[in-house]
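The data blocks that follow each hold one structure.
Below, chain A partners chain B and then partners chain C, in two separate complexes.
So, the complex of A and B:
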């Protein structure tokens, strides 16, 4: 993995000079970021580096104090999250929020309704998404009865069912055991090609990041300190000396 | 034995009407956290609709009145509640008070303060006697309409795309929007459904009371609140359970209280409701979601 691939065609999700300031704290301080279709971009950095805040401003949950976000030619800076989601920029949350009293199938169906006006077509689509994620066996369980790992997967399925062009995943492997994490990693790796989408992933587990990502962008104190292939990031003295060691300790703890 | 069945029939009649009152209020609350006090005025509009169209045949009048109530519910959402959507529940509640008073006074201006009597077929005032149990026409009407409406609603929620979207939105409105469900469509649709409920309830109340008047929405809306509160605000099954208990409680007090206290039956019913709410402030079937 990590081999340079032909970047996908079509519009890119581009952040230029994005700043998010909270009462004097510069959570994100002038970050450029480009997410292309067909790639997995890793966003890493120590706690408080501004990763989630950056994702928030890319997905309409936070209006940047300065800078812009473009989806292709379209300026989407500060656009409400729900509208951005309909334009194909969708995300997961650190705390997965499923519709607890709906079944797994219904959770995915609710998301599939957008592109498939009728209930029947939404069911067909949702069923195929569950098959793809190997979740068919739990289709009729209620979401609140699921294990943590299962609900993370269902959340991903719900996201996929909306048919996004860009998926931003905030720590999808958090709280998963190693086997679950490996399975999820393999799945995420297959998404760009299967769905012709771009995936941005925030993840503390460097093992996951290194295996999964075509490019990695490293944030620290709200600024980009490195950007490149996994090999380049691993070799980057700034990153490995100052940062990667501490993250690996974090992840191990 | 016959007596017990008689009481059960009476309770079923009341509970059916109460369920038709409570469900729409619970649905709207579940979707947008709005306790819609003006739901009573939708019922009033339906009753005046019946009054206006009563000259034509009753089925057609009922249909036209229903259409008017649904349109009124949609207009109410668009004009009054959409601008304050997402505000605190208190703001929404006060807004609904304002809408309620506005509509009541508009009705007073247009129709005056005297009740307008509405002719309904004598069919509904007749009583059927089966094995010593007397069943009033209006009881059969209430139970029948409640079964049709609630059954229809359940099928609608389970089977249709719109119902699916409504169920998702009732659990987590923000998340539902993030997976592409359109807020305006879901909320308008919910109001339209609440309008259907109000129209059907108006029909029953007019058949029962024989007239339409400006303040006729007050008692029904209070019953609707009490039933939904008892069941747990915003929960579908809770509203049904609350309505059933309220109906059964009313009949029970009616039967058990000594004759001289019977006229203050309501005081005992709502006293009992208070006790339930003191013990279970969240209601019997608490709504099942946390809001963001």
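So, the complex of A and C:
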């Protein structure tokens, strides 16, 4: 990956030769990945390609069997998730994992405590995050009472409230209707500049991916099979064979 | 009424609970000495269950071992308050620093709580790292160890024989004051940043880790604070009984306090307070029934009540909600709406979740 570095953009999140093996299954098999501040990187591939496992190992939820993860100069391989989150590497989950019995504000506040030492300051920060996401009107609702679309937005708000340098989103638009998905896409697109962070997004909806990403990395069977701009990926015959073709056929049928 | 709720703000839950408990405590002496004693036991149970709640309720990790801290508090408090002459006759082989210690009741409460908290801290070093279910069982192992130490450390605890001569300083007023202080203390913790992080980890451990919550650390803090609260309750209980054995801090009280918390609802402070109140009423009725049926009815009745709650109302009678002005109001409104058609025959004092605020 001989792309020139922008010295002004700060540290990168870098995975080198990451392997995650489960009892003989090579879920991730020697993947290199670089996430830069200011960009949106798409991570795509067919089901079982190892996308979520790779995100798990980048965020401390899975210790790589081999390979390393660096945050800037710092080796963070196998560091616990909570510490990584406090260092600015935070993620959302594929399935909704809100704090069901807490209010929306408390959900976001708990995350805001990562960067703010008192609850009073955390409330102020959480309130401003909810305002930014236009979620203020549901602040006092309990998380379990939310619609699916609202939950996904609150999850994103909770992530933003931790003040991340790198955000890893695992299928944030799953289950959303087209309008909700468009709204979320626009929001995510604005994040790198607004928060000076890098965003990695796993997404099956190629419409979202193509619109959103500066670069796309394609995984298949635990290995990187392509990496490049949306245009290059769209034109890549290997990719359309492994993934895109089948998706487009599915969509057409 | 709404305006009152707003101006009281976040503190309204402990204030309302105070009103309820204080009212019971004021009325109880009218029923004679027996009723007054029941009220004292109820207040101590509230302190115990609120202490248990501060760990198990807020963290979601059920503990079968917290009454070990009650025993530690009770023995510590007793050993440093029994008058010196009585103590040298009762426990001649006591280590000298305890043999010559005689403190006032309030100091003994703090020391008893402090020793229990220290033991909780030591326990937490390995135990807080365990996954939730393993932690529940590990805490049970701690209870067994505490019980065996109390039962066999003859020179200090008199072993299985009763320890007596403990000053009976626990009046209704003392029990009320301690219960209220415990309620405000635990509510403050629940609403603090530590309490919020712990509750987040209860709702979803992985998601909590993902936003930077150190779950082990938060559980450790809860274990130490709950150890302190339950240790305090232990001192107060010992000074109510005056005479006790290790059995007073073992399986019976463990089951009793867990049943109270489950019946009230593990997910709110309100549940931890109304559980002991309802069980006090239930116990009173069952004990009267026992004069007809013979012994055992009380335990069976309590166990059935817990089963019924687990099956029909798993989040407890509080439904996980806190007592607030607006929840009271919606309760009254619902009650009025219900009365003409069907008389209120359901379980007592259900607190509905207020959605409007």
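In this text, the second predicted complex is superposed on the first by the 237 of 253 C-alpha atoms of A that agree within 3 Å, B and C clash if a C-alpha of one lies under 4 Å from a C-alpha of the other, contacts with A are read in each partner's own complex, and residues count from 1 in each chain.
As a convention for this text, a contact is a pair of C-beta atoms (placed from the backbone, for glycine too) under 8 Å apart; a residue touches a chain by one contact, two chains touch by 3 or more.
Keep in mind that this is a model prediction, so the values were computed, not measured.
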Following the overlay on chain A, give me a clash-or-fit verdict for chain B and chain C. clash
Between chain B and chain C, the one with more contact residues on chain A is chain C
One more residue to check, A:231. First (chain B), second (chain C), both or neither? neither
Which partner does A:32 contact after superposing on A: first (chain B), second (chain C), both, neither? neither
Considering only touches as defined above, state whether A:193 meets chain B (first), chain C (second), both or neither. neither
Is A:140 in contact with chain B, with chain C, with both, or with neither (first, second, both, neither)? second
If I apply the document's touch criterion, which positions on chain A are contacted by chain B in one structure and by chain C in the other? 81-82, 85-86, 90-91, 97, 99-102, 106-107, 109-111, 113-114, 117-119, 122, 158-159, 161-162
Chain A-facing residues of chain C, complex: 191-193, 196-197, 199-200, 203-204, 206-215, 267, 320, 353, 355, 357
In the complex formed with chain B, which residues of chain A make contact? 81-82, 85-86, 90-91, 97, 99-102, 106-107, 109-111, 113-115, 117-119, 122, 158-159, 161-162
Can you tell me which positions in chain B touch chain A when the two form their complex? 159-161, 164-165, 167-168, 171-172, 175-181, 183, 288-289
Once bound in the complex, which stretches of chain A touch chain C? 59-61, 80-83, 85-86, 90-93, 97-102, 106-107, 109-111, 113-114, 117-119, 122, 140-142, 145, 158-159, 161-162
